[in-house]
Amino acid sequence: MLKVRDIAVERSGVPVLSGVSFDLAAGHALILRGPNGIGKTTLLRTLAGLQEPTNGTCEFPVDQAAYASHADGIKTALTVRENLSFWADVYGNTVPDVIWDWFDLGDLRDRFAGTLSAGQKRRVGLARLGVISRKVLFLDEPTVSLDGFSVKLFSSFMRDHHLAHGGVAVIATHIDLGLGEAQTLDLTPFAAQDDGPSDSDEAFL
Amino acid sequence: MLKVRDIAVERSGVPVLSGVSFDLAAGHALILRGPNGIGKTTLLRTLAGLQEPTNGTCEFPVDQAAYASHADGIKTALTVRENLSFWADVYGNTVPDVIWDWFDLGDLRDRFAGTLSAGQKRRVGLARLGVISRKVLFLDEPTVSLDGFSVKLFSSFMRDHHLAHGGVAVIATHIDLGLGEAQTLDLTPFAAQDDGPSDSDEAFL
Amino acid sequence: MSLWEYANPKKFMGWTGPVLPWAFGAAGVCLAVGLFWGFFLTPDDYRQGSTVKIIYLHVPSALMAINAWMMMLVASLIWLVRRHHVSALAAKAAAPVGITMTLIALMTGAIWGQPMWGTYWAWDPRLTSFLILFLFYLGYMALWAAIDDPDTAADLTSVLCIVGSVFALLSRYAVNFWNQGLHQGASLSLDKEENVSDVFFFPLLVCIAGFVLLFVALVLLRTRTEIRARRLRALQLREVRT
Amino acid sequence: MIALLLRDLRLATRAGGGFGLGLVFFLIVVVLVPFGVGPETAILSKIASGILWVAALLAALLSLDRIFALDFEDGALTLIATAPIPLEAVGLAKATAHWLTTGLPLTIAAPVLGVLLQLPANGYSFVALTLLLGTPALSMIGTFGAALTVGIRRGGLLLSLLVLPLYIPTLIFGAEAARRGTAGLDATTPLLMLAGITAGSIALLPFATAAVLRINLR
Amino acid sequence: MIALLLRDLRLATRAGGGFGLGLVFFLIVVVLVPFGVGPETAILSKIASGILWVAALLAALLSLDRIFALDFEDGALTLIATAPIPLEAVGLAKATAHWLTTGLPLTIAAPVLGVLLQLPANGYSFVALTLLLGTPALSMIGTFGAALTVGIRRGGLLLSLLVLPLYIPTLIFGAEAARRGTAGLDATTPLLMLAGITAGSIALLPFATAAVLRINLR
C-alpha cells in the first residue's frame, strides 16, 4: 500500500537522509527509530507531501493519507468537541461516538482545550486520527507526554481500529509502543553523506 | 533540604492535589508519577513559586531553586551558545566548557536553535540546568523527545554532577530515567476530593 | 460582626434580595417625578427654547458616568487589599452601567450640541474627556471579557483600573490645556451665584437622585447576576471533576 | 471550506479572539488624530474622509497577522494543508472570515466615527460606499501577505511592510472617490477602479496565496 | 537585567526580530497620509507635526506585543520569572529594549520624514525634542500594557485598546509642544508636562508591570 524507493530528503538545503526504501502492506505499521536529529521528522514531512524529496519516489493513495506532527494543532479557545468536529467537517466525516471511549475523553468533551494538561491535549490530538479515518498515517512522536495507560489506549487504537481495518502507519518514536508485530526501521545507516551538496546548492559548486 | 508538608494545589480555581508531603535530603531525587492530568505540572509550578499553594508549606533554599517547564524557553533566533550564555549571565555564572560534552552539544554550539530537531532542542534546554548550577531543581518531563542515548546523558548528568554534589531534584516523568536510587511518588492517591471547592469558589457555594 | 461580613457572597445575596425592589422602586419614582416635572412643568429657556430640557438626562448621566468609575476604583482597591469577591464582581458589574451612562451623556450632549453649537461634536475638553472615559470603560470591559479565570481577571482589571485612573486624571488636565471649550462650566455648586435658576434646579436634583438610585439598583442587580454566574461556574467545575 | 470559515468565525468571537478589536482600533486611530493635529473644525473636516480611509486600512492591516499565524504556531495549518481542501479555498475562506470580522464592521462604523472628525454632511454615504467596495480587496491582499510571512515568527511588522505598498492603489482610488464625493464632484472613475481592484484581487490572489502557503509550509 | 537587555537587543537585530520594522511602519503611515488626505501643501504642513506624533505612537504601539508574548509562548518568561532577577527589573529592561529598538530610531527618523509632510522649517527640532522626551513614556506604558495582556494569545489588538487611552496625555502634551514650537509659540508648559509624565511612568510603572506579570504567570 505504501512503497518508498531510495528516497533522499534534506532540511533547509542540508541533506539529511538518503537511500531510504521500504514497503508497507495494508494492515502493517513501520516504526522509525534513530537518534535525535537523524531526520525522522524530515522524512515524515516529505512523505506527507509538505516538502519534496530530493531523490527517489514514494507511492501511496495520496487522498488517503494524513499527517500528525509534533504539534497538535489544537485550538485552545475551542472545546474538545468543537476541535474534533472541525476536523471531521474538513475531512467530510462526522465525529463517531466511540471516539470518546477510544481515547478516554468522555469527561473532557466540553472542556476548552486550553485548560487541558499536556497529556490530555495530546490525547485530543490523537483522537483527531480516529475522526478523520484515513488509511495512511504519518505520525511524529505521537506518544510524547502520554502516561502508560494512554500509550496503551493509543496502541490498541492503532492495532484494533486502524491496522485491523487495513490501514498502514509510519510512526517516529523513541519509546516502545507495544505494537508487537510492527516492523522497525532504524534510520542511522541512512544518514546522508556530509559531502553531498543539495540539488540547489550543487549548481554553485 | 526540601521539606513539603501537606501541600494542596489548584489550577484555575479547581483543586487538583491535596495532602502531598515529602522530604528530600541533599543528594536525592524524587520522581513524580501519575496519569495525565493528575497535577504533576501544577505541583511543580507551585514548588517553583509561580503559584501559591492553597494549603500547606514547603521549605527549601529559595535562592537555590530553579524550574524547567514543558517548554524550553529557547530562543530560536539565537545560537545554542548564545542561549546558554544568556542563562549563565542571568544566574551570574559563566558557561562551563564541560557542558558541551555533558549534553553532546559540541557540534551544535553555533547552530541557530531554531534549526535543531525536537530532541536537540530539548538537550539545549537541559544544558541550561548545567549552566545555572542550582541545587534545587524542579523538572517537568525533562526527557520528552529524547532518544535513549540522550536520556542516558541526562541521567548521568543528574547522578554524577547534580545529585553527587549535594543537589536535590523533583522530576515529573512518564518514562524510566534510570536514576535507580531515586524515590518515587505516585500522585494518584493525592488527587483532590471532588467536593472540595477551591478557596475562591468556596465562597460562592 | 464586622462590616465586611455583608460582603460575603451568601450574605450579600441575602440582604440585597429584599433591598433590590425598593431600590428600583425609589429610582422609578424619582425619575418619573423628576422627568415629568422637568419636561412638562418648567418653562422653556429664553435662549435655548425647549432643548434645555435635555439637561435632565444629560447632567445626571454625566455625573453618574464619573461616579461609576470612582466606585469601580474603590471596589478594585478593596479587592486587591481584602480580596472580597463581591467587591471585584461589583466593579465588574458597574462597568457596563458606567459605560451606558457615559454613552447617554455623550449622546444627549451630541443631540443638544446640534441646536446649541450647530454641530453634533466638537473637541471641547469636557466632551473629549468623556470620550476618553468611554475608552477606559471599553478597555476595562474588554480585559474582563478576555480572561477566563475570574480571579486573574479581577486582579488584572483592578490594576488596570488604578493605573487607568491616574492616566484619566492626567488626560482631564491635558485636554483642558489643549483646547478652550464651548461647554458650560459647572453650574451645580454650593455657591448659589453660579447656579441655574431654581425652576430648573429642583427637578434636576430629583433627576440626579433618580439616576443615583437607578445606578445603585442596577449595580446590585448585576452584581447578583455575576455572583450567580460565579456560583454556576463553581458548580460546573465541581461537576467536571466528578 | 465552509467548515473552515465557520471555525474561524467562531474562533474570532471567542474570548481573546479579536472580533471587534479591529473596530476598536479604528475608533482609536480616529480619536487620536485630533489630539495630534489639534481640535480645529476647519482642518479636521478637510482631512476627515482621508483619515477615515487610512484608519480603516491600518485597522485591517493590524488584524492580518491573526489570519494564518495562530494556525501555523499550533500546527493546525500543516494539518489543514494536508487535509482534503484545496489551499486556494483555504485562502479564500480565510480572507472571507477576515472581511466579515473586520472589513464589514469597519464599513458600518465609519460614518458614525465621521462625526468625530467633523465629516461634511454629504460625505457619509461616500465614505461608507467606498469602504464597502474597497475592504474586500484589503482583506484578500492582506491574506496573501499573511501567507507570505507565515513562516516568520511574529512577522507582524514585516507583514505590514509587505502589504502596505500593495494597499496603496486601493487607498488612492478609495480615498479619492470618497473625497470627490464629499466635495460634491463626480466620483465615477475612482469608484470603477476601486471595484475593479476588488474583483481582480478576489479572482487572482487566492492562487498566489495558495502557492505561497505551499512554499512556506515546505 | 543587563543580560536580559542585551539578549533582547540581540534578538531584535536578528532575522525576523523586528528591529527597524517599527521604523518602516512609521515611514509607511507617513507616506499613506498624503494619499488619503490629498497632496495640498497648505493642509499637510498644518497637520505635519501632529501626524508625525500619531504615526510614531502607532509604530510604538504595534511593536508592543513582541515585548512579552514571544518569551511567554516559548516558555522563557516562566523561566525568567523564576530566575534571580526581580520582575520589576525585567519590566524595566524590556521597556528599555523596546525604546532602544523603536522609540530612539523613530525620534531620529521623524525630522527626516517631516520633509514628506511639508513640515515647516522650525518644526524639525521641536518634533525631535518632543519625541525624545515622550517616547520613553510610550515604551514604559506599553510594557505595562503588554504585561497585562501576556496570558492572552495574540492579545495584540486588545493591547492596543488598553494602551491607547493611557497614551493620550503623552500624545496631547507631545503634539501640543511640537505644534506650538513649530508655530513659534511658547512650549514650556507642555514640555515640562511631557517630561513629568515620562519621569513618573519610569518611576512607578515597573512596579505595576511586575505585579501584573506575577498574576499572569500564576
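Remarks
So that you can tell them apart, the chains are marked A, B, C, D and E in the order they are listed, and the count of residues begins at 1 in each.
Here is the rule we use: contacts are C-beta pairs under 8 Å (C-beta built on N, C-alpha and C of every residue); 3 or more make two chains touch, one makes a residue touch a chain.
What you see is a predicted model; the values in this text were computed from it and never measured.
When C-beta pairs in contact are tallied for each pair of chains, D-E comes out on top. Most remote from subunit A, judged by the distance between CA-atom centroids, is C. Ranking every chain by how far its Cα centroid lies from the centroid of subunit B, the top place goes to C.
In this assembly, the C-alpha centroid of subunit A lies 45 Å from the C-alpha centroid of subunit E.
For this pair, subunit C with subunit E, the centres built from the Cα atoms lie 32 Å apart. Distance between chain centres (mean CA atoms), subunit A to subunit D: 37 Å. Centroids of subunit D and subunit E (each the mean of its C-alpha atoms) stand 24 Å apart. In subunit A, the residues that reach two or more other chains under the touch definition are 70, 76-77, 115. Multi-chain contact residues of subunit D, defined as those touching 2 or more other chains: 15-16, 21, 24, 28, 31, 35, 38, 73, 153.
Contact of a single residue of subunit C with at least two other chains is seen at positions 135, 138, 142, 146-148, 178, 240. By the touch rule above, subunit D contacts subunit C in their complex via residues 15-16, 21, 24, 27-28, 31, 34-35, 38-39, 41, 44, 115-116, 118.
The touching residues of subunit A, when paired with subunit D in their complex, are 48-52, 63, 65-78, 82, 86-87, 89-92, 128, 132.
Those residues of subunit C that touch subunit E in the complex are listed here as 132, 135-136, 138-139, 142-143, 146-147, 152, 155-156, 159-160, 162-164, 167-168, 170-171, 173-175, 177-178. Those residues of subunit E that touch subunit C in the shared complex are 144, 148-149, 151-152, 155, 158, 161-162, 164-166, 168-169, 172-173, 176, 189-190, 193, 197, 205, 208, 211-212, 215-216, 218. Of all residues in subunit E, only 2-4, 6-7, 10-11, 14-17, 71, 73-85, 217-218 touch subunit B in the complex they form.
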